[in-house]
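Following are the structures in question.
Paired with chain B in one complex and with chain C in the other, chain A is shared by the two complexes that follow.
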Partner chain A sequence: MNLSIETIALVGVIGLLGVGLYGLLISRNLIKIVVGLQILVKAALLGIVLAGKINGQPLLAQSMVITIIVADTIVAVIGIAMIVQIRRQLGTLDVSELSKLKG
Partner chain B sequence: MSIVFAILAVMMLLFAALAIRAKHLISAAIFLAVVSALVSIAFYWLGSLLAAVIELSVGAGLVTVLFVYAINIAGETGGEYYPLVKKWLAAPLVIIALALLAIYLLPILSPAPQVAETDLPNVIWDQRAVDVLVQIVLIFSGVLGLLGLLAEAKAPLEYPVAEQVAAQRQQELDELTRQTPQEEAV
Partner chain C sequence: MAELIIILTILIPWFGGLVVWAVGDQHPNLQHRLAAGFSVLGGIISLFLLMYIQDVPVVRVDIGGVFGSFTLVPDGLGVYLAIIAAVIGSLAVIFSNNYMKGEAQLGRYYSLMLLFIGAMVGLVLSGSLLFMFVFWEITAFCSYALISFHNDDPKAVYGGIKALIMTQIGGVGLLLGALAAYAYLGSYQINDFIANTAEFPTGVLAVIAFGFLVAAAAKSAQVPFHTWLPDAMEAPTPISALIHAATMVNAGVYLLARFFPAFEPVSGWTIAVMTVGLLSALMAAILAAGTYDLKRTLAYSTISQLGYMVYAIGVSGIYASQFHLLSHSVFKALLFLGAGAVIHAVGTRNMREMGALGKSMRFVAIVFVIGTLALAGLPVTNGFFSKELVLEAGLNHGAAWAYAGMLIGVAITGYYSIRMVRLVFFNPANSSKQPHPTGLAMRISLAVLAVGTLLTWLLAGPFSRMLAGSLPYHRLEPESTLDVVLEVLTNPTTWITVLVVLFGISLWFLRGRLAGLIHALQPLNRLTNQDFGFEWLNRQIIRITNRVATTLRKTQTGQLNWNVFGIVGALVILLILIVWIG
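Right, the complex of A and B next:
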């Protein structure tokens, strides 16, 4: 069976989505959660590039991907800064410990 | 050619799984950087050259540096955490979600007719000018947010504020009670 590059890329996108989702579900460490989120976003980026190639609009997809990379980086930066502050103030990276702090 | 791309996709999935399963956070950050680099190669392969360059420099470079910085400050895991959702429940949930996704996505792979596009600068600056504005605002707000969040905490108080206020009030009360007998004597 001779698979096209598009089919392989789509399988890769679905696989990356699965790995990211699984990581989000099983992780309790805040940094691991951001890592899972990054993997999910990378899958979405690859999917958009692939959709642009299939639809014959690669440049439009590329410009959207650049915007998403910027937004994703800002999300990662703010998330990491919040994690650092949480670690400094509360001394833990465990999500369950944080949920116990609610009033 | 598609065999090489398949190997690339398999490596992408492998390193992503390693990033999720890694015991040390620093290893997870390195594996995530490798995934970013492999994704940027896939971008290049699919014809998105500029996106590939930006993904490689920002995704594999900047974000990894930030992760390493955060891990250095926050320290390693600090103990083994139990998973949030049980693994025997998480795996079937993910498989069901992916199966649904595959059922809807795989049939759309037939190529559509090519749309006439001009060059990339025209697309970015003319058609997607709002996106550029949004990017500028995002970067600005991100820098401001980072400055605010990473600001060093002020020196801690010697003791809690409530105790300080209570002690001050007690002192004032003592002074008043001391003054009152003197006034009565006068």
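Right, the complex of A and C next:
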């Protein structure tokens, strides 16, 4: 079986997408949600790199992805910091119990 | 030069609105004067448009992409409506100088009013359907915001939101028609559309035609969308005069008249237009005869008179409908501003608490009676000539049953006109309150409009030449004023109509002897108290919407897992659809 690098990357994108969505779908723990979200974003990043390779502009795609990784890390850091505060203030990480912010 | 004038007619009121708003509410006198100055300037400049009447765009800005070109076309139909908006707008602003004295938040009031005037001018001069829609929505917004001007009054807020929602229904119809036209033509230009209707499939043209009819009915408060206009009377009275009598509610009639050549071949369209007009004219006249709120009476009579114009378009009387629109704008603005002067003086809108104001407010009484004569269609006012032209067109080109229905409407119009005047001005006094004197600004506005009511019928000839000369698709014949006057005066139907009006008036004086008849009409009275069931219909729609919303709300749990499930589910469904179709 002759697998090209594009096919392998595409399978990777779909696999990461599935894992990330599954994580968001079933997890109630806030940390697991952030992990799922990160996996989802990584799927999108891999997709962008793949698209750059197919379009013949790999450098553009890679530099974009680097930028997004930096921004996304900040999202993760702030998310985790808020989670730590939530754990300290409310004593739980279960999203279904966190109804205090509900408008 | 034409470019400059046409753009200034829109931009001067808008700029004035900004200036008045920027001046700030701590300088009310300056705000009054600035608003009056800018609106009068806009009105004067709009008159110069008369020199540049043509049927090709004078301003063309290519926006590009799907937005097409923004064009302004000063043809006869657009220019006269722009002049009505700018001139009556300036009179309403002048009137407000007295009427709104001492009110808070004048900046909001005047800037919305000036924004409205500019948007109305843009609406009627726009040659592009898309930008017409944009201006259409700006006028709807101003109408909503000004109805709810006293936003601490729940009734005003209710009326404003009701008007907004109901005119939005019409906006959807207009947008639907505009997009369908663009999809088939690749252009939003109104003249391209009218010239090329033969290329459209019948079904698509019918969708556009009836979409526009819905838009017109909602904007012009015609059956079954008329219920918003009486509730819009919570607005300050100059607003009612300007937006809900003289200009914005005419936009629907304008739309129908503008597109008449395109939609005439659509089967059933003219009949539908005629029926909408007839039902509105009759039902609103009956409702006007039963209410004791002065402004609501005038609102119902506006619906009724707009019904005459819509009816005239349904029977191919474009010229008659537009001439009646011109007359109606002038005399109804006069009546509303007169009512405003009365309400300002006695502090109530209930006609049962008025009476005997004829002595203490002689000037207002005189101009109000002039306006009422025009409303009833009695000589020699502008309403007399234009209403006769409408009815003549109805008799010559329309069904006999519809003409008979309109005659009944004419009789009821006579009845409620005399009832209104008697209750307000000439009944024995029901209140010992001493009315406030009428201010100078009020008198100026009223005097100009009263003179207009007595004289605008002299414009019949130039008006006809202007429309015929710049509307190539409408096939109008130019006529001179003398022709029109002779035609009206020598036509026997004119005198039948006048007799019918006098019959309606005499009904009021004979109402004591007709006690048996009035008693027999009790069920009708109960029906009118509920607005012929339309209010009930509105409430049912609101109730059903609320119930559906409450039910659907349960799907919005706010839970992340559930939302992700929704996203994934939708994605899966979309993928299945793509695989299945592709």
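Convention: the second predicted complex is superposed on the first by the 98 of 103 C-alpha atoms of A that agree within 3 Å, B and C clash if a C-alpha of one lies under 4 Å from a C-alpha of the other, contacts with A are read in each partner's own complex, and residues count from 1 in each chain.
Note that in this section a residue touches a chain if its C-beta (ideal position, glycine included) is under 8 Å from a C-beta of that chain, and two chains touch if they have at least 3 such contacts.
In this text the structure is predicted, and so the values were computed from the model without any measurement.
Touch criterion met: A:54 reaches chain B, while chain C stays clear of it. After overlaying the two complexes on the shared chain, residue contacts for A:44 are found with neither chain B nor chain C. Residue contacts after overlaying the shared chain place A:96 against chain B and chain C alike. Chain A has more of its residues touched by B than by the other of chain B and chain C. In the superposition on chain A, contact is made by A:28 with both chain B and chain C.
Look at A:19: by the touch rule set out above, it reaches chain B but stays clear of chain C. Overlap of the chain B and chain C contact sets on chain A: residues 21, 25-28, 95-96. Residues of chain B touching chain A in their complex: 1-2, 5-6, 8-9, 12-13, 16-17, 19-20, 25, 28-29, 32, 35-36, 39, 42-43, 45-48, 50-51, 54-55, 58-59, 62-63, 66-67, 69-71, 73-75, 77-78, 81-85, 87, 90-91, 93-95, 97-98, 101-102, 105-106, 108-109, 111-115, 117-120, 123-124, 127-128, 131, 134-135, 138-139, 141-142, 145-146, 149-150, 153. Listing the residues of chain A that touch chain B in their complex gives 2-23, 25-29, 31-32, 34-36, 38-39, 42, 45-46, 49-50, 52-67, 69-74, 76-78, 80-85, 87-89, 92-96. Listing the residues of chain C that touch chain A in their complex gives 558-561, 564-565, 567-568. By the touch criterion stated above, chain A contacts chain C in their complex at residues 21, 24-28, 33, 95-96, 102.
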